[in-house]
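Let me give you the structure first, and then I'll get to my questions.
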């Protein structure tokens, strides 16, 4: 009997406490900086090293490069097409981890729901345009000392 | 028309509110009493172990997250620890502390999911919401640390990926104090409730001999009275520096498994307190790891204590970047084996209590 | 209403009676809509969340939307189901719930009948719902619903006995089975309410009422997690809405009965508060009973079927018998 009454007491206390639900989607949900959302691609920075396509666990990145039209630049290849298949992408962040130039970075956007599967195959133009809420911290800092000294 | 009684064959699942995933149980019922139960699994098989044969070790880590998705940190750890043991890599202090903190926090989150869903199956609607409210806080911590709420992809061979953000440790200390009081509230809400006690006391009794024969591990094994916890008996990482108890049951029934898990939440909070107090103020988070991870040729089995029991990783390496064979000894799969034995002779309502108390996650059962 | 009842039955009177019945039906249907809304809100608040709040201002139109959805659903009758019984079952389950509302006195002037066997009428008619439930389970031709119907029938029949016997104590005290008389005997200060002398009876009544209503912790018939909705699993659309309606109208009726018999009906707790109309007092007490049902639902786990039967037969019935016995002895000594 006593256990039942104690339980009722806990419910009653919760009745008057503060509610914890969010008002999403009326109010946008703010994610911490490290949140792994949809990627942003900057074609200017890409050196077509292919590391992201190689590391991707689900092989969702396909890219092609072309000969650099600018004869004076040191960069031999520039990016021609860059596609990410979001039906396969698991937002694991490994592509960002290996990219030497931070050409592919993650943003904090996560809303990608669409009515048709075709819309989930994103090309370079879309990824370049997805530049809101870009993550500031993209590479893990190897030591805390470096973080204290260099500032993340 | 002659009257005859017949055995009823009832199909529980794969879509069913209380089978914790896509588990199908074919029950042969005599009235309300179960005469035979046959679990049919494989609805969530995704071929993780086969995929692992063509991926290098860092690429496998996101896949391990998805096996036991409720306690992903321990899955990450078992793979990383196996490779580190194979290659003899030293993990720095700070990384070890972060790993232990993450694993214990994950243990609490996993037990909260178990508690909420167990009581939801028994009919109490509110504890589910209370447990998830607290689990949200833990997931927010993980979100700030790793960038994701459930599939962390956080641990790496040789350390962890990110360092803790500013202020995280302090917030975590406050959370530990808050959680200690919350566990007492949970006990006040449920553990003394006579209706609940009648539903779980004396149900699904496992004795020590059966538990060992079936290879059970985790709370199911400890409820049978066997004091075996890999954190104490085969310490890995830095668990030997912490002071904690192993709760053990006496009767082997569902109530014992319930109380063991609640007590494990308390002990995890104790470990967290100590780890946070001893947390090194600076240090590396990644050890000396060769550029390309190639474990030497050979095989190796390493096991750790996940919230569900013993999770082990059997690695057969031929010296290449990809494993030749990677097998995970998944606790839910082993623990599920005892279900047909426990269910014989029980009425149907006990099915829910017994299945809930075994605590399986289908992602882990099927792999 | 007394006025109309005392006159001989003519066309004028009959029209008044018919109109008031229709009015009661409308009020009850409206009340059910908002009972469902408030249940979801209260249970939400007890779980750190806000309940429905998107459909209409503050979510007030949520149940309206739900009922509209149910109305617009395709009416599926399973091929192998017993068609006539399948269609009859929801009706059989629903009509007793509405008819028992007739004997509950809502205030001094607002009542619908002055039956001298009001208590008996209530218990007898509410028992008819069980037939509807069992027929629903059988006619669906589904093992799950059959199991649910058997459980439900067993539960409801078993708990009718303690329900009646717990009320018998108050009948002994008031000297009549007429519910209106029972209420009239509780006038004065709040310690005259039947809950105080009949405390054991009240406790038995609370437990038996929750079991009769098939609410948590006794909601085995619709144990969603175990039997996927029990006896009404094959019913969709408006036929399902009938079963839900039955449950909520019974909640109204049972809370009304509890208020009338144990909590003093329309009487104020103290005579000087008489300026507040009796109907308001009735509604406040009734609302508290309903809130208690929600509160228990948010907190308790479910009991098992054999524990339910053991509890009803081995504990509640002897306890209510003891209550009647003690009341009878007390009445002998005092009167």
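Letters A, B and C name the chains as they come in the text, with residue numbers starting at 1 for each one.
Note that a residue touches a chain if its C-beta (ideal position, glycine included) is under 8 Å from a C-beta of that chain, and two chains touch if they have at least 3 such contacts.
Keep in mind that this is a model prediction, so the values were computed, not measured.
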- [ ] Could you compare the number of C-beta pairs in contact for A-C with that for A-B and name the larger?
- [x] A-B
Open item on the list: Relative to subunit C, which chain's C-alpha centre is the most remote?
Closed with: A
TODO: With chain centres taken as the means of their Cα atoms, state the distance from subunit B to subunit C in Å.
DONE: 44
Open item on the list: Can you work out the whole-Å distance between the CA centroids of subunit A and subunit C?
Closed with: 54
Task: Distance from the mean Cα position of subunit B to that of subunit A, given in whole angstrom - done: 28
TODO: Mind pulling the residue numbers of subunit C that touch at least two other chains?
DONE: 46-49, 298-300
Task: Where subunit B touches two or more other chains at once, by residue number - done: 126, 130, 133, 189-190, 193, 195-196
Task: subunit A: positions in contact with at least two other chains - done: 4, 7, 10-11, 14, 20
Open item on the list: Quick check on the complex: what are the subunit A residues that touch subunit C?
Closed with: 4, 7-8, 10-12, 14-15, 17-21
Open item on the list: If we count contacts the way the header does, which residues on subunit C are in touch with subunit A in the complex?
Closed with: 42, 45-50, 295-296, 298-300
Task: Contacting residues of subunit B [partner subunit A, same complex] - done: 55, 58-60, 62-63, 94, 126, 130, 133, 136, 140, 143-148, 151, 153, 161-163, 165, 185, 188-197, 282-286
- [ ] Write out the stretch or stretches of subunit A touching subunit B in their complex.
- [x] 1-4, 6-7, 9-11, 14, 20, 31-32, 34-36, 55-57, 90-94, 97, 106, 140-145, 147-148
Open item on the list: Can you tell me which positions in subunit B touch subunit C when the two form their complex?
Closed with: 8, 10, 16-18, 32, 119-126, 128-130, 133, 189-190, 193, 195-196, 198-199, 347-352
